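Two complexes come next, and they have one chain in common, subunit A, joined by subunit B in the first and subunit C in the second.
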Partner chain A sequence: MYTDVFGAWVAVFLTLAIFSYLYKDNPFYKLAEHVYVGVSAAHWATIAFWNQVRPNLFGRLWPHADPETLTGFNVFWYKLYKGLNWISDTVFPENGIPGNQEQSFMYLIALILGIFMLMRLFPSIGWISRWSLAYVVGMAAGLRLYGYLSSDVLSQIQGTILPVWTGNLGDSINNIVLIVGVVSGLFYFFFSVEHTGVFGKISRVGIYFLMITFGASFGFAVMGRISLLIGRLKDLIQFSGREYGYATFVLLIIMVVTILMTSRKDKEVAE
Partner chain B sequence: MFLKRQVPLAIVFIVGVIMLLSWFIPHEPFANLEIHATQWFDIIASFAMILGALNLLKLQGRKVIRRQKGWFYSLAAVLGFFLTLTFGFFFKGGYYLEVKDVGPNAPYFNQRVSEITHTEVDAVERAFTKIGEGKPINRNFYTHGGVLKLYNELSSKGAVVEIKQLPWGSHLQERGTFYSWIFYSIFTPLTSTMFALLAFFVASASYRAFKIRNLEATILLAAGIIIMIGRVPLGAYLTGWLPSWLQWLHLPRLQEWIYQYPNAAGARAIMIGIGLGIVGTSLRVILGIEKSFMGEK
Partner chain C sequence: MSSKFNTFLQNLDRLDRRIIFLIIGLVVLFPLLVPLNLPVEPTGLTRDAFEAIHNLPDDATVLISFEYGPSTKPEIHPMAVSVLRHFFARGYKVVVMCLWPDGLFMAREALDEVLNDERFHDLVYGVDYVNLGYRPGNEAVIKGITKSFAANFTVDSKQTDISLIPLMNDIRTVADVDFIFSLSAGYPGAIEWVLYASDPLQIPVSSGNASIQVNQLLPYVKSGQMKGVIAGMPGAAEYEALMVEYGLWNTRGEAAKSMDAQSIAHLVIVLFIILGNIAYYAKRKTQKKY
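Now for the complex of A and B:
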């Protein structure tokens, strides 16, 4: 209960601190901004470790195994694991990582490339991280080349090859709108020819279609942000209650007074 | 020079070509290559995230140590970083009770569990009718002291319960862990407020766009406004009076049509453009023409 109330006070403080930027840049905003940077960096690193590195890398190199059943190289291999277990028995529990992964030494390459990536922290040997980056870039290029060609180019073209007369006026108009929109939009993106004459007119129609797309994206973006804003305001209202010690009111008053006082002081110094 | 320049280019070429081939040769050794290669990709990307976090720590830590301008704020970033890391790797919380037997005082048990889990008494009763080898009470506690109180209370009424702790890994998702406290009390409010701020800036951006007064800006805003109003009850209310022959102007309908046809047409043109761009860039990368990932032009 105390943790929840304290959590509410922290959440209200941070929310108000970020909103205070609407007045002007101030120490509360800067503080919240830096906390956000620190917490989110650690958050994503933690998520990456527990959701990827531990189960999919360490879990494949040292899957949970009964020490009695270990033979050959694995006897030595799991002795190495004991070193990791000694470092942290929560992250590396005894006898291997729990889960259903099969052992695969191929993942040693991923471990090595991962470690190479971290070498970027040391300028003298930072160049070796290029190898890891090269793998990531090469893999993404090879995988995305066909993936995008198939889903973003061929499928979209296929989806646009539609009958202009379907026997139903409404459907036919819709199909024509789609075809005209896609073709004229592509005309606009074709920069090898100067956009003049008939070409220019078609590409202008393309711009109108693109504007409708950007407008729709704009609308969705606004709606998303507004719903986030409503969520924050709902939280502020909830935490302004007695059970949370009137957190919103108290913190709002403290912050407003502090910001006004500091800006008055700043003005005096400037004068 | 060879290790710094030629090897990365060779890696890109070999990995790129192998991945490309794997699309066209669905046989061993290429068959399962995509699964493992993407897994490696995710693992290395995770290391990149860890690198980013460590790099941030290095930069902010340096600011604090050298007492540079704004070092106090950097200290807040460093503290936030370590607090999250501590709860992510060292202090878990997440204590809960596993019920082995409800005991002779079932109505009391159901009532109490209903209170702490905020569920109906009937639902609790149904849930704990068949316990099997043990059933957890759906409420986690941050501390051992917190769960011990409930343990004593239920045990004194004859229930057979056992104190347990969530395993490492699930502490990231479950409520009642210190990590979840950081997530719900710091990370989520900060993220949503940061993005919610944009709602205010969008308002001023729209005002500026209105002032431009050309056809393109008008089309953009008209599409955006119709989509926005058409998706909330106000849209249906404003145009609800329209006669049947003008139903196509009913805002929810109109926004759906705009979304499905003109918007889809523009989006398709953009997607095809992006797709072709990615194909071209990927080829350039694989063939070693594009080397910007190495910091070269």
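Now for the complex of A and C:
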């Protein structure tokens, strides 16, 4: 119960602190901003380690194994693990990482590339991290090339080859608008020809289609922001009750008074 | 135009932005305190997504991926709750996974909320549904599960060995699921599911999205690569309305309640835009005069 109330007070404080920026930049906002960045990074790193690095990387290099069944290279390999176990038996429990993973030394490459990435922390040998980055960039480019070519290019072209008359007036108008929009938009993005004459007129139609698209995107963006505001206000309403110690009202008054007082002080200093 | 009105318009042009923030804040706050119960009419986009899910075979297995965090929770969480209710009400087997770290908490919260209902008390974890949790790697994870779930998810979100989960014994790759639903607020999200799982393996996919992403997804819906889309908070409210229409739920949900505030806020913003334009033209006219 007490943790719920404490959590509510923290949530209300951080929400109001972020909102306070709408009045002007102030220490409350700065504090909330720093807390947000720090907590996000720590949260991401912790979850990534426990959900991915530990089970999927360490778990494949040192899966749980009975010490008596170890043979050959694995005897040495698990002696190495004992060192890790000595460092932290929470992360590296005795006799390997629990789970049903199969041992695969291929994951040593991932481990080495991961260690290379951490070299960015040491400026003198930071260049080593470029090897890892090169792998990430190459892998991402290769992975995306096929996906985009197949789904974005070919399927979208296929989706644009539409009949101008379908037998239904509404559908036909829709198709015509789509075709005109795509063709004129493509004309606008064809920069190796001067946009004059008929070419210029068609590309101008393309600009109108682009403007409508941007307008729709802006409308959706506004809708999204209002939704977020609704979410925050709902929390503020919920935490303004007696069971949460009137957190919203108390913190709002404290912050408004503090900001107004500091503003007055700043004004006096400026004068 | 009277000079007084002209002066008013000129002053409007110089209006302090903080006053606009305050007005928007108040018009959003008011309907939350005093609900107006405005009607919600489902659109084709939401209906397509709903029917694609509703018409799956009775023994279907569905995959739902959580790709949002607290920042977009007001928009997407109501969809998550409604879609999960829909899956469980239809008796589908549900595999939950997350491509965003925060998605894990959102998934747990949505599952807790849905399973709290007595209609779903008989559902058994590991048999009727499973939460595989979060894996970093963005689209590489999607690409990975097209080859093998076990290679990417050795354990579930409770750190249970995946081979010990009965539901996962029948699901070797994502090709073994009948439908994918992505609750997406950006990258990686719905687009990546279309690109790396749905299109290559021909698995039907739909999505519930943050408003800001909807425009990017409409081409995929139009080309038939995606089965409808739940667009932002209005989409979530429409889905809730459809749940009531099909007799799967009986009350107005969180999104529908929030739509009053959303609608009023939009009206005020449109009003501000119109006033802003009138003020601009009035100012230009005055400047031309002198």
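Note that in this section the second predicted complex is superposed on the first by the 270 of 271 C-alpha atoms of A that agree within 3 Å, B and C clash if a C-alpha of one lies under 4 Å from a C-alpha of the other, contacts with A are read in each partner's own complex, and residues count from 1 in each chain.
Rule of thumb we're sticking to: a contact is a pair of C-beta atoms (placed from the backbone, for glycine too) under 8 Å apart; a residue touches a chain by one contact, two chains touch by 3 or more.
What you are looking at is a predicted structure, and each value in this text was computed from that prediction instead of being measured.
Asks: Touch test for A:R264: subunit B only (first), subunit C only (second), both, or neither?
Replies: After superposition on chain A, A:R264 lies in contact with neither partner.
Asks: For A:L118, is the partner it touches subunit B (first), subunit C (second), both, or none of the two (neither)?
Replies: In the superposition, A:L118 contacts subunit B only.
Asks: Quick one: classify A:G59 as touching subunit B (first), subunit C (second), both or neither.
Replies: second
Asks: Return first, second, both or neither, reflecting whether A:Y188 touches subunit B, subunit C, both chains, or no partner chain.
Replies: first
Asks: Considering only touches as defined above, state whether A:V180 meets subunit B (first), subunit C (second), both or neither.
Replies: The answer is first: A:V180 touches subunit B but not subunit C.
Asks: So in the superposed three-chain picture, is A:K79 touching just subunit B, just subunit C, both, or none of them (first/second/both/neither)?
Replies: Touch partners of A:K79: none, neither subunit B nor subunit C.
Asks: Output check: A:Q158 vs subunit B and subunit C. Expected answer is one of first, second, both, neither. What do you get?
Replies: A:Q158: touches subunit C, not subunit B.
Asks: By residue count, is subunit A touched more by subunit B or by subunit C?
Replies: Result: the larger residue contact count on subunit A belongs to B.
Asks: Have a look at where A:K201 lands relative to subunit B and subunit C in the superposition and call it first, second, both or neither.
Replies: Neither partner.
Asks: Mind working out whether A:K234 is in touch with subunit B, subunit C, both or neither, as first, second, both or neither?
Replies: second
Asks: Can you give me the overlap between the subunit B contact set and the subunit C contact set on subunit A?
Replies: In the superposed arrangement, which is not itself an observed complex, subunit A uses residues 22, 43-44, 47-48, 51-52, 55-56, 98, 139, 143-144, 148, 151-152, 156, 159-160, 178, 213, 216, 220-224, 226, 228-229, 231-232 for both subunit B and subunit C.
Asks: Okay, in this complex, where on subunit A does subunit B touch?
Replies: Contact set of subunit A toward subunit B: 3, 6-8, 10-11, 14-15, 18-19, 21-22, 30-57, 88, 90-91, 93, 98, 106-107, 109-111, 113-115, 117-118, 120-121, 127-146, 148-149, 151-153, 156-157, 159-160, 174, 177-182, 184-186, 188-189, 206-216, 218-226, 228-229, 231-232, 235.
Asks: Quick check on the complex: what are the subunit C residues that touch subunit A?
Replies: Listed in rising order, the residues are 18, 21, 24-25, 28-29, 32-33, 71-75, 101-102, 104, 133-137, 139-140, 143, 152, 154-155, 159, 161-164, 192, 194-196, 199-200, 210-212, 214-215, 219-220, 222-225, 231-234, 258, 261-262, 265-266, 269.
Asks: Name, in rising order, each residue of subunit B that touches subunit A in their complex.
Replies: By the definition above, subunit B touches subunit A via 3-4, 7-9, 11-20, 22-23, 34, 36-58, 60, 70, 73-74, 76-85, 88-90, 92, 142, 167-169, 172, 179, 181-200, 202, 215-217, 219-228, 231, 257-276, 278-279, 281-283, 285-286, 293-294.
Asks: Of all residues in subunit A, which touch subunit C in the complex?
Replies: Those in contact with subunit C are residues 22-23, 43-44, 47-48, 51-52, 55-56, 59, 98-101, 139, 143-144, 147-148, 150-152, 155-156, 158-160, 178, 213, 216-217, 220-224, 226-234, 237.
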